[in-house]
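Chain lettering (A, B and C) follows the sequence in which the chains are written, and residue indices restart at 1 in each chain.
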């Protein structure tokens, strides 16, 4: 798709592009290149010299049980966040799409958590589930179940999943609402006349027609769970207890910023880049297919 | 196959009264066309029959059964929508089979019915396609097919032809009529197009501002319009209206333009001097001396005939349709208004006045 | 015959009524529950911010407002509470000011450079056009999170650590905003360009007089999204800012929690959390229409 009528000139368009390309070059491509380059190097203990080690950083990482554990944590965390946030959002969107009074009020009340920063969302849930000062934390302990997300890995994971999903429901809700509204009314009416009751209409008409939206959201949610939840984990558990809530992205941060492990961190960055490229490719392949009816 | 009976059906949306009490009796196998300008309530009426809207008051009976409070699913009806409303994710076959599947019909029977309908509508080769792979006309046929396979008590059509181009529209119009006659299914067809209405309906319901202005056969509506609205809505170019007053005795009217018109079919009741509106169709006006002089301001040549717009004495507009070619028409045209071609309407209410 | 039919119809009508009523109830109950789940954490926090420190520290979680609201918010606003062992406290107003600066600068910067580059890519035919487009496009695949360390090194080399410039500039390159504007520009009818050419307008004049005014709603929608994006940044300020005078409120308030000791000044922390949430939430609630438009259109 391109314009038929176009202005001529070479200097002006490049000047217009300059700010964007400059920032992209300095802060995106250069560091990304450095990461790739650095992933083949190893720094000595004092940070004085670097030597070329080939793929050793990668093989070290992939043999490192803590890295594999972080990978597994990421899978568990991402799928739990994505599926719960998608399921709840879809359910609520279908309810809010019904012709009932007050839907606008409900919509506003369900949309605003989008504006809450992931880190703040974490803090809000911390206030509720803190074992000493949190309402529910104390309640659970009062029921005789030992609750302390700072000591119990499973509980820590549950809490970060809840805090991360809580915030993402709003986003999914907005898209599911838009998706529902883009289904032509007449199609649903035709189904009603064909004899389909609401439940059947949902599963045979609405749900399949929402498939493109759902798939798009699935990718977005996975990306969110991978990258944007750094703040949630950092503010809530700091990756602990032990490594129970350390995801891949959190590990890059810990190894690079705290442990100053240059080569390993660079190799981890490269692996993450590959994951993002994969996800983006999947998403775009699908967008091309999107005109699927 | 069934009858349809509407009894004082009213509909109110918030403060707006959309339907002011519609009564209608549709006989078994009859094709009724509901026609009117946009916003007259015709679609609302159809949707109330379908069960997609609920009437504020009044009853809807299909085959004698009161269905007013029932969902569409319980009414045994089929509907063809303006935008076809095909299920985009299903193949043509699945689109047609959907309603049958929901009713728990056996796959073999579904196959048989769909194949039969597809053959009748000549869409057999398209059964595996998705709606997006079809042309407008093909989609239209699939929408029809979806209605046909159901073998419902009632067909409902919501302006199904308005998205087709002119040529296809004429073709599909004839096909719908043939199909409906062949299947003999009672039908309600909504349109804003008067030609569609005239050609399709056994009877027409002309709607105006939420009321049924006239319910009658197409020729009756054309020949004896119930009021000035119906008279102007049906027929093209539209009927001319001339202001007049009733002469003493009621046997004639004095036109504002200075001519006196006698009523050959008998006198009208009313006081002398009562305001009247006299209507005459453009095609009924003839060329000739001894009538009025038409000051021509626009000539529209249509080939074998010509439509002429002008004004008569007193400044009223008059449109004339003559079966002659356009050339040689001067600035002033002498026209004759035959007495027996006039429709007489009450000048204030617009209702038709019979002798 | 007709009597049994009417009986049957009556039964169906009742079933319909029942089903509709049930449907409505399900909707109301689940939506209310949803609203509750979303609102409750905020409620606890807002209520908590109006009590004194010992009430919360004891674990007597209050469900209704206390009398310390003014004291807590004044203290949070002016001093940021007591310093902890590891960090000195920063007044909330300083952090809010930093966040506001960062959010506005990021939003404006992203919009400005994206408008320019989208304009160049769509309305000009020049050598390297597709290369430029792809260079911008690829950055979609390089979020900050995956290139933390090398980007940090670049920042150190450029001397941008602990500066507002360092906080803002690297974040204003935007593939999504560029793609959005490109998408929108492609819908501007060619006739406009032709008309402008006939009227003798050059590319810059066409941009100023036609393209910019047409883009206003898109710009507004995008601003809302980007403001929230900027305000909620976490990892980047955490890395770039060590000078607490430049602390943004989202990072600053989580630092106040430290290890989450029960002895924290929870009331002040909660007051700061409320202050940190308020601006972006207000933007979403009051500009809901723009916000929804911006969100659903940028992501297409």
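General observations
As a working rule, a contact is a pair of C-beta atoms (placed from the backbone, for glycine too) under 8 Å apart; a residue touches a chain by one contact, two chains touch by 3 or more.
Since the structure is predicted, the reported quantities are computational estimates derived from the model, not experimental observations.
Looking at contact counts per chain pair, the maximum sits at A-C. Taking the mean of C-alpha positions as each chain's centre, the chain lying farthest from the centre of chain C is B. Spacing of chain B relative to chain C, judged by their CA centroids, is 54 angstrom. With centres set at the average Cα position, the gap from chain A to chain C is 15 Å. Contact with two or more other chains is made by residues 71 of chain B.
Contact of a single residue of chain A with at least two other chains is seen at positions 197. Of all residues in chain B, those touching chain C in their complex are 64-71, 74.
Chain C meets chain B in the complex at residues 2, 5-6, 8-9, 12-13, 16-17.
Contact residues of chain A toward chain C in the complex are 1-10, 12-14, 16-17, 19-21, 23-24, 26-35, 38, 88, 91-92, 95-96, 98, 100, 106, 108-128, 130, 132-135, 138, 150, 166, 169-171, 174-175, 178, 197-198, 216, 220, 226-227, 230-231, 234-235, 249, 252-253, 256-257, 262, 265-266, 269, 272-273, 276-277, 280.
Contact residues on chain A toward chain B in their complex (touch as defined above): 184, 186-187, 189-197, 200, 204-205, 208-209, 211, 291, 293.
Taken in their complex, chain C has these residues touching chain A: 19, 23-24, 26-28, 30-31, 34-35, 37-42, 44-45, 48, 56-57, 59, 61, 63, 112-114, 116-117, 119-129, 132, 135-136, 139-143, 145-154, 158, 169-170, 172-174, 178, 186, 190, 193-194, 197, 202-204, 206, 228, 231-232, 234-235, 238-239, 250-251, 253-254, 257, 260, 262, 266, 269-270, 273, 276-277, 280-281, 283-285, 288, 291-292, 295-296, 299.
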